[in-house]
Amino acid sequence: MLGNSFGRMFKVTACGESYGDALVAIIDGCPAGLEISDAEVQIELDTRRPGTSPLDSPRQETDQVHIFAGVRDGVTTGAPLGMIIYNVDRHDIHVQQYRDVKDLIRPGHAEYAHMVKYGKFADWCGAGRGSGRETCMRVAAGAVAKKILAAHGMEALGHVSECMGIKAREMGFEDIKAHYRKNLINCSDPEAAEKMIERVLEIKEEGDTAGGIVEVVVRGVPPGLGEPVFDKLNATIAHGLMSIGAIKGVEFGTGFNTARMKGSEANDIPYLDENGRVRFRTNHAGGIEGGVSNGEDIVVRLAVKPTSTISIDQQTVNMAEMKEQKLAAITRRDPTITARVVAVAEAMIRITLVDHLMMWRGYDAVQNIEHPWS
Amino acid sequence: MLGNSFGRMFKVTACGESYGDALVAIIDGCPAGLEISDAEVQIELDTRRPGTSPLDSPRQETDQVHIFAGVRDGVTTGAPLGMIIYNVDRHDIHVQQYRDVKDLIRPGHAEYAHMVKYGKFADWCGAGRGSGRETCMRVAAGAVAKKILAAHGMEALGHVSECMGIKAREMGFEDIKAHYRKNLINCSDPEAAEKMIERVLEIKEEGDTAGGIVEVVVRGVPPGLGEPVFDKLNATIAHGLMSIGAIKGVEFGTGFNTARMKGSEANDIPYLDENGRVRFRTNHAGGIEGGVSNGEDIVVRLAVKPTSTISIDQQTVNMAEMKEQKLAAITRRDPTITARVVAVAEAMIRITLVDHLMMWRGYDAVQNIEHPWS
Amino acid sequence: MLGNSFGRMFKVTACGESYGDALVAIIDGCPAGLEISDAEVQIELDTRRPGTSPLDSPRQETDQVHIFAGVRDGVTTGAPLGMIIYNVDRHDIHVQQYRDVKDLIRPGHAEYAHMVKYGKFADWCGAGRGSGRETCMRVAAGAVAKKILAAHGMEALGHVSECMGIKAREMGFEDIKAHYRKNLINCSDPEAAEKMIERVLEIKEEGDTAGGIVEVVVRGVPPGLGEPVFDKLNATIAHGLMSIGAIKGVEFGTGFNTARMKGSEANDIPYLDENGRVRFRTNHAGGIEGGVSNGEDIVVRLAVKPTSTISIDQQTVNMAEMKEQKLAAITRRDPTITARVVAVAEAMIRITLVDHLMMWRGYDAVQNIEHPWS
Amino acid sequence: MLGNSFGRMFKVTACGESYGDALVAIIDGCPAGLEISDAEVQIELDTRRPGTSPLDSPRQETDQVHIFAGVRDGVTTGAPLGMIIYNVDRHDIHVQQYRDVKDLIRPGHAEYAHMVKYGKFADWCGAGRGSGRETCMRVAAGAVAKKILAAHGMEALGHVSECMGIKAREMGFEDIKAHYRKNLINCSDPEAAEKMIERVLEIKEEGDTAGGIVEVVVRGVPPGLGEPVFDKLNATIAHGLMSIGAIKGVEFGTGFNTARMKGSEANDIPYLDENGRVRFRTNHAGGIEGGVSNGEDIVVRLAVKPTSTISIDQQTVNMAEMKEQKLAAITRRDPTITARVVAVAEAMIRITLVDHLMMWRGYDAVQNIEHPWS
């Protein structure tokens, strides 16, 4: 397996499986002089943690994080940050459940592909490294990125904007922030949230699971962030978001609907605001033009598929015996992961933004230019 | 600027601006023993070339490619492939047109961001490196990737599946191939194509431009391609596709609509086909589960925004004088780039697939495993 | 700080400071199906461990390693390998000693540079991340690489070939192996070893420290390993070796003396051996020509400077008060680290070889070539 | 083949073979606002060019460089810089000479390894990509780096400090600069130079070739450059230097002789100079401690082996017929490449320094620290 690092200058490398001993993230490129504590990272982790809501998996993980490297006296030293979370809820009963079905393809999961890739050595327990459990370390790393962004005036907040056909009203950054994480479904429109929760609980009753759409808005991004060709800001954000398990689509600004517009409708028209700064009258672009931020809020949406593990019998294939058979209903599962994805999506966006900021600053410092407009 | 390389093992690095002397791509990691000629790469480039259809820009570029490194006697030697295209249609009259508006933000383009990033040194001519012209070299590199994929039984084909509200009927790989690139809009549904073309020409008459949706389907991808965490196959494909200018969204399989499904509906159920191979009864996942291919066709769609350059006056900001003013209508433009994006999207997907194939083969060769199912 | 990863496909990322809680290494690209246990890695670590010889630092670290990720039932799963070592000997008395001199530049160390780089946040305790303690994780990762190499018929062994003017006799791979790690100085020539030990103990008595030269020989490297331009096998090995603290020079084969030879003397002449395989009559090249292995033993030597920490008073600068002052003699130190560098040098070479093997295999698998000679 | 890129932020990617059409380098990460012309790059290239001295190959290459991308009106725009050099002296007679011996291993060259790696497709003409001809583009890229360094007060100059036993006297930066490139052998000690030239011409008469040692000194490097672990400044410089064909050893400061010193001798003692800046009384470290620059001159030496191509018959192996045979004397060759390596070594060091500067500036810009001492 490759690809356990993300980022170029603010580079997160992680390891750890769903039912392994521990998960670790190393942040290479972590700047010195940043005050950060276990508790601060914990706050973010707690928003992703399972076992706390009827909408989530009942798995009891404390997700207690410890920063074991890169910090002295509560401040980063410039050395890479090391963070560890021990897995606690991996009791024999659960391991046995996985062992019982280890030769079966669990529909919607990556088992079949892993079996082909790693043969009989593929980790059969709880999807191993392919489990959503790895997103813990994304969130932990994102908590560090969040602090760096805050020092540069940037803030990224997400919520569930749609769930099983129920849409939140259109909301800007301030709206999302006003009711941020106030309910089980993490939707900042309280009325929609209530309906979403009700709907998910119904679906849970059926033994089934629900998908949804997460929207993240970033305020305070300076114009100029992002590299104009292969590493466009939207391209790298999309990379990060699409690397979260269960994500089937990513769109920016008006997104897929932009494809149905004319140029005269889709173009965001610039003007000078009362402070003489360039602003745009609309934000169809979602804050990114030509792969580079334009100073408007970055707006991105992710399609989250319904949890693959369901409490309903399914047909499948037994890879050891190469025959079709039934996979029995599984009760330990998330009725929806959409609410939990919010924290992971925010984290990936934050990490990406810090990475771009450092890349830009790196060459900008040796450029011989004035920045009259920034 | 950074980010002019794409890929890890099959790594494409490119340079060149819209109105510079030439565009070059270097493919590091190009395998030896591959027969490839200028003519073969040219075929792909001709599908992207402007100036040949009333739907495209009238810019007259021959896009004549020459492989100047990495090949001896028509076969690759293992040395990096070097390809060059000289810009020919960059006459004074056009340069002057750009010079006249060099301080104006052209709505929908990245000018403002580039001015902030590179100050007065930002290339004002035809969007410089930020122009869609750079996609030539993506297509050239993609032509090489196409040959490698063919040797491994993979084929990626795209078409325009929607344009300004007109949708092609649902089509699988064989359908798309049957009418592949048979009309100006590159839509494989002839009836829809006719309506799309008519609609774009109407919009062109208005001085306006049209967006659309491109769909690419890949046949023959073996199960196991893609890395399970940050470099999921869909994540890296999304990176590549979203790095094409004008793309505002990317989705796989049932995409955003998966978010409106229940788990029992979205899960693709595996079975054994008549050859005893694992297949899936549906393909909501678009061929990728947990970031790794499952052997079904990869299905991906891209939202293409309407061309930003329109033949209608627009309000804008003059950055030299920091005042609002009018940007006059521009006649040299693409009424829609959707048809031309097909070639670029195919190229980025092909490059990404070869890159993953080489990464996988790299560690697989040192693994101590059997591959009973592949 | 950046640069805490090494390798492209077999990629080791590490963190942890001399007096932090723990050191961790993550190996991304670790192949599946490899049997590996804590005990096996421990064997290698024990050869690097301080506190066991009068030639080493008396610091009492058990260097107990635990593989916490990437392994199930004693076999790698393909997931990244995670390894952790807790620091145990970091008692208040030692921390206080470092605190007492935290504003002083310790001659020969990187303090001054770190202060400039990280300001007052630079880790003052035991050189922080800049300490040789980080080499634990290189050795741990190297133990994994060693097993992979063994499966491909490669073996890298080192010894101390020179120490304070005392030279071991010229030795080939078999000679080094015959007396491998049989004495405190890790020199495979027993007679020279005895004199070296005696000399180092004398120097230790003076409160001083000793340098030396380490030689590593690799047997079984197939011809063809290494990339012909920037990532030549010798270039990447030199990168890895020169990244070990205290290394001031690296040379291959006849090394600096090759510069004093004529072409007719330096060229290694090929011939066919009794099995019809290409061999070379001499090995001035040290097994690498044009950056690629030629099938002969790789021979590399490293110059190790004497330990910077000495038990003799030294003049220095107090950076807080910006005045010159005395740094008192320090007793807890390594009389020489040359013997301990052997394990680290072997590890870096092993990691580099596996990395190259995986890169080569990656593109070779998609090449359309026969390998008649390999 | 992989590894045709060097650098992380100031990243040079190159292609082109000895007898291909052209050589190209792309510099990704080239900052905007840098005045650079073809002529300026040409000056550096002319110092490396063959065919101008009795010590060099008679191959007549003009090495005329053209910057075809990344520059507008003589100033960089921030877009990647593209540079091209066409090969002109590749007449049939020379190609035929290579064709005649295409199945023979030329002793000292990488042919055998390339044959194993790329099979029958390995480029047989003039060593293909493995030829020293590729170093043109290193020098071209180095010319750009040189200008950036100059703007930051850094200057790297090299000379031949030893040739076939004849040593230049010990020289500092000012000494080297005083007689910089004043003679055919590029040795800044005029008396030694005369003897060196005489000796090389004698060896040339014998049909043989000569090795030598190149020394490069860098003035003006600020303390703090370099990353403390795997990407130490010396490690990455060594990587760059050892990636030049024919280099068999690299050492910093007192180098291999440091291994023969005691700690009390080798430690460079810091003091405060008359401006209150930290300086060191000696420079055994060669300006780098713990992998990070300490403000003293960087001093590095490279062992250059004698040119492999000699005008004397040699025994070798015919790989097509798998039999031993004679390789006839070759007249077109460099009696020594040591003088020409100076330009290449300077280039690699310059590129590496700019790369480190940009990396450091990247994270430093987001650090929350003061730099009281820099």
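We call the chains A, B, C and D, going by the order they appear; numbering starts again at 1 in every chain.
Here, a contact is a pair of C-beta atoms (placed from the backbone, for glycine too) under 8 Å apart; a residue touches a chain by one contact, two chains touch by 3 or more.
Owing to the predicted nature of the structure, the values given are computational and were not obtained by experimental measurement.
Across B-D and A-B, it is A-B that has more C-beta pairs touching.
Among the other chains, the CA centroid farthest from that of chain C is the one of B.
Averaging Cα coordinates per chain places chain B and chain D 38 Å apart. If you average the CA atoms of chain A and of chain B, the two centres end up 25 Å from each other. Looking at chain D, residues 1-5, 8-9, 14, 29, 32-33, 78-79, 114, 117-119, 121, 129, 359, 363-364, 367, 369 sit in touch with two or more other chains.
Taken chain by chain, the contacts link every pair, so each chain touches all the others. By the touch criterion stated above, chain D contacts chain B in their complex at residues 1-5, 9, 11, 13-17, 20-24, 26, 28-30, 32-33, 66, 68-70, 72, 75-82, 84, 114, 117-119, 121-125, 128-129.
Note for the complex: chain C touches chain B at residues 8-10, 29, 31-34, 78, 148, 151-152, 354, 357-359, 361-369. Chain A meets chain B in the complex at residues 1-6, 8, 14, 105, 107-110, 112-121, 127, 129-130, 134, 162, 164-165, 203, 206, 208-213, 222-224, 226-232, 234-236, 238-240, 242-243, 245, 247-272, 276, 278, 284-286, 289-295, 303-310, 312, 314-317, 319, 322-324, 338, 359-360, 363-364, 367, 369-374.
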